[in-house]
Amino acid sequence: MTSPLLEVRDLVVEFPRRRGGPLRALDGVSLEIGAGEILGVVGESGAGKSLTGAAVIGLLEPPGRIAAGEVRLAGERIDALPPAVLRRIRGRRIGAIFQDPLTSLNPLYTVGRQLVETIRAHLPLDAAQARDRAIALLRETGIPAPEARIDHYPHQFSGGMRQRVVIALALAAEPQLIIADEPTTALDVSVQAQVIGLLQRLSRQHGAAVLLITHDMGVIAEACDRVAVMYAGRVVEVGPVAAVIHAPSHPYTAGLMGAIPPMDGERERLQQIDGQMPRLDAIPSGCAFHPRCPRAFGRCRQERPELMEAGATQASCWLVQEAPSA
Amino acid sequence: MSAPMPALVEVRELAKRFDVSTPWLERVLGGRPRQIVHAVDGVSFDIARGETLALVGESGCGKSTVARLLVGLHAPSAGTIRFDGQDLVAELASPRAAALRRRLQMIFQDPYASLNPRWRVHDIVAEPLLEQGLEPDAQARRERVGGLLRAVRLDAADADKYPHQFSGGQRQRISIARALASAPEFLVCDEPTSALDVSVQAQVLNLMRDLQRERGLSYLFISHNLAVVRHVSDRVGVMYLGRLVELAPKRALFAQPRHPYTRMLLDAIPDLHLSGRARTPVQGEVPNPLAPPSGCGFHPRCPLANARCRAERPLLREDGEGVRVACHAVEEGRHTP
Amino acid sequence: MDALRRFFDSELWADFRASPMALAAAAIAGACLFCALFAGWVAPHDPFDLATLELGDARLPPAWLEGGSAKYLLGTDDQGRDILSALMYGARISLAVGLASVLLSMALGVALGLVSGFIGGRTDALIMRVCDVMLSFPAILVALLIDGVGRALFPDAHETLAFGVLILAIALPGWVPYARTVRGSTLVERQKEYVQAARVIGVAPSRIMRRHVLPNVMGPVLVLATIQVATAIITEATLSFLGVGVPPTSPSLGTLIRVGNDFLFSGEWWITIFPGAMLVLIALSVNLLGDWLRDALNPRLR
């Protein structure tokens, strides 16, 4: 792609431990997102997707730290910046949306005050201009009667409305990159569809790149242009959404897709992947998925595969080389 | 659906009201009215032997409350529940309660909170055996626990471990083993896989299906996930604001949903296979259960609402093929089939 | 055994070993406990055996001062009793009374808290109001009241009865924090699905409280108890200082402080200061241990 907006190269995140060496939670993660594009990061619990988002935005909980690799925003490195500089970039150039709209908003302040505070922290506007912009943002995110609702408190909004306010807050300073961590998980299914549509529309209009982290493949299918599948702290497959969903190259992705109950037609048994994701301190040698993989062979146990071209996607799997018609 | 045998579970006009008013003193001093939530507002259905009935709906629809009513965790405010012909509430209050409890059990949503973290797995699974006096001999109990763990695809040696040593999916299987200990006929499952990853969910759903076949179990399966419901159920009930709006055999519900809310739910499901099917955009959100709309609770969001919908609550009516719908528009033929 | 192994494997133990404050506090508290338990063997003299007392040795200063003697390391009081030995025996009494009263108030408070949290409704309201009322009385006054009533009822009190009344006097006002803490935790645990699963199985509420909820709410109780031991010891010392605590034949640290107080201004400071210092040392080390335990058990800080 032409000059990606966000570039993550070989990111390694470690947590020091009392005994033994540091725990490697992310082991060489690489991603790219272009402007106006939505990249989904999907994986099950423990795969490291939220950690990736936290590392990109610089909100890793200490003692976790970025041990290697780099994160570039519009070409500049942001992973090694001092905290004060990073704080200014956060909010101005990177916006964040988290899972629980209840805790993302401060219950003690009106929605308007929180919006205006964020706007004025990053843009050179006076109070009146900031308020106008806040109202415009609320209108854009589909909140009815924004002139009145701007002075309401978070508890006066319903769950879906609150998430829209959070989205407005994330957009407040016109960021180039938005990181959304499970933005629809806590919402009802009917509201979920509305919020996904909103995210898509806004990212196209504002030209922001979106990193959408979720465990729900359905949300990925609806919302994203490309998707990266994570397993045990690594990216195992990445590519356009249609290709990854309909023609996955990596056995884990295929297993995930097979495990989802189908909405069209019926299946007697769901495909199950036996076992579970390895704990971070017991990651198998070679390919992390090999103990659970129905098609593992010798090389898988010894050598760790890197992402390689596999038809329409890229997958880190030796089957791609050995048996191209996977 | 007219089965030759009487249904295992018969629910008629079940209702549950919760008083969520502020404490008495504050209320009196502040002059505020009582606040009652009609969590379940007149629900009726049957479950036949060996059948899986799924109850589906969004937050506040009352499906979890129905689940709890059916195992006696709540007492109904109105209506009846009959289990194998006997009145559930009366039996549970009588000295014959233990005999009834043996026959129905429950599986919960949160695998981390449904097992006592201080107990060993053996004690957790054996508790029904002890409590209901099913196996007084300690050695025999141990063997039975081992057998139950094997039945849920765990190891008999796992009985000596503590819950925190297991993953979410494994804990859920321990919960299933506990529920099966007394050899029940009926299992109420409250969102048993909602907290699990997709691949683990597949394992647990497959397991539940196998167990049903092996042991002739009947399930009441509560979920908000329509794809899962489609996979596991025989019949589906859609709930909204404490009422059943549609009750139909699975194929009929998914192929030809009649109630506007059912259609909206189905349309809202993310299109995983990118079939590009036509969908009507969703409107609005579930209203506050403390202030439900008058008449048909769905009318503020319904494209087919008219004056009657605003005033009169629709009743569940037969619409052919074993389908029952509570909708004036369907009754009046205003909807497009 | 297996529980012991789990403990030594746990984060808690590693945390303990890594914390110099916890180690120091535990060492001091352990030393005091040891002296108190084995006073009979460790103490150089028996200060209560009238036969061994020599009035000629009265009011000797500590060994390192002029006039002191190595025989009485910390000096003697007005009747020739060795202060060091009196400290050890006194600590034994103080610790015994402190621990016993804490155990009693813990038992009472935990039971009431469990019932209050689990059953709820009017029982809960009633117990909580009783808590509120109890908290509005200063603990010392309640202790004095109970002690006074005890003396009035049993004027020729046998020594053990006096102790019993004293323990009761300290324990009775002290159960409220346990009840409140346990009630809060019980309210949380009651909502959890393992409790509901037990109800579906048909387990009786009393059994659920005892076997399911109780093990899960004991954590904060232990922290509280550790800190309350220090408070109980000080309360006992205060009562004994006021003369309404332990009988004079079994002096606790408080009694020693009171006795020594009379000699403070005549220059024999050691008779009151050393018991005072011992009291502070015990209370401080137990408090520090309790603080460490509370932080170590707090999942958010981990």
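We just call them A, B and C in the order they show up, numbering each chain from 1.
Note that in this section contacts are C-beta pairs under 8 Å (C-beta built on N, C-alpha and C of every residue); 3 or more make two chains touch, one makes a residue touch a chain.
As the structure is a computational prediction, the values presented were derived from the model and not from experiment.
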* Asked: By CA centroid distance, what chain is farthest from chain A?
  -> C
* Inter-chain pair with the most contacting C-beta pairs -> A-B
* Rounded to the nearest whole Å, what is the centre-to-centre distance of chain B and chain C, using the mean of the C-alpha atoms as each centre? -> 51
* Taking each chain's centre as its mean C-alpha position, how far apart are chain A and chain B in Å? -> 32
* Asked: What parts of chain A, by residue number, touch at least two of the other chains?
  -> none
* Contacts with two or more other chains, residues of chain C listed in rising order -> none
* Asked: Which positions of chain C touch chain B when the two form their complex?
  -> 192-194, 196-203, 212, 215-216
* For chain B, which residues count as touching chain A in their complex? -> 58-59, 167-170, 197-203, 205-206, 209, 224, 226-228, 230-231, 254, 264-265, 267-275, 281-282, 285-286, 288
* Structure fact -> The chain A residues in contact with chain B across the complex are 44-45, 158-161, 188-194, 196-197, 215-219, 221-222, 241-242, 245-246, 255-256, 258-264, 266-267, 269-274, 276-277
* Where on chain B is chain C touching in the complex? -> 68, 71-73, 97-98, 101, 105-106, 108-110, 113-119, 127-128, 131-132, 175, 178, 182
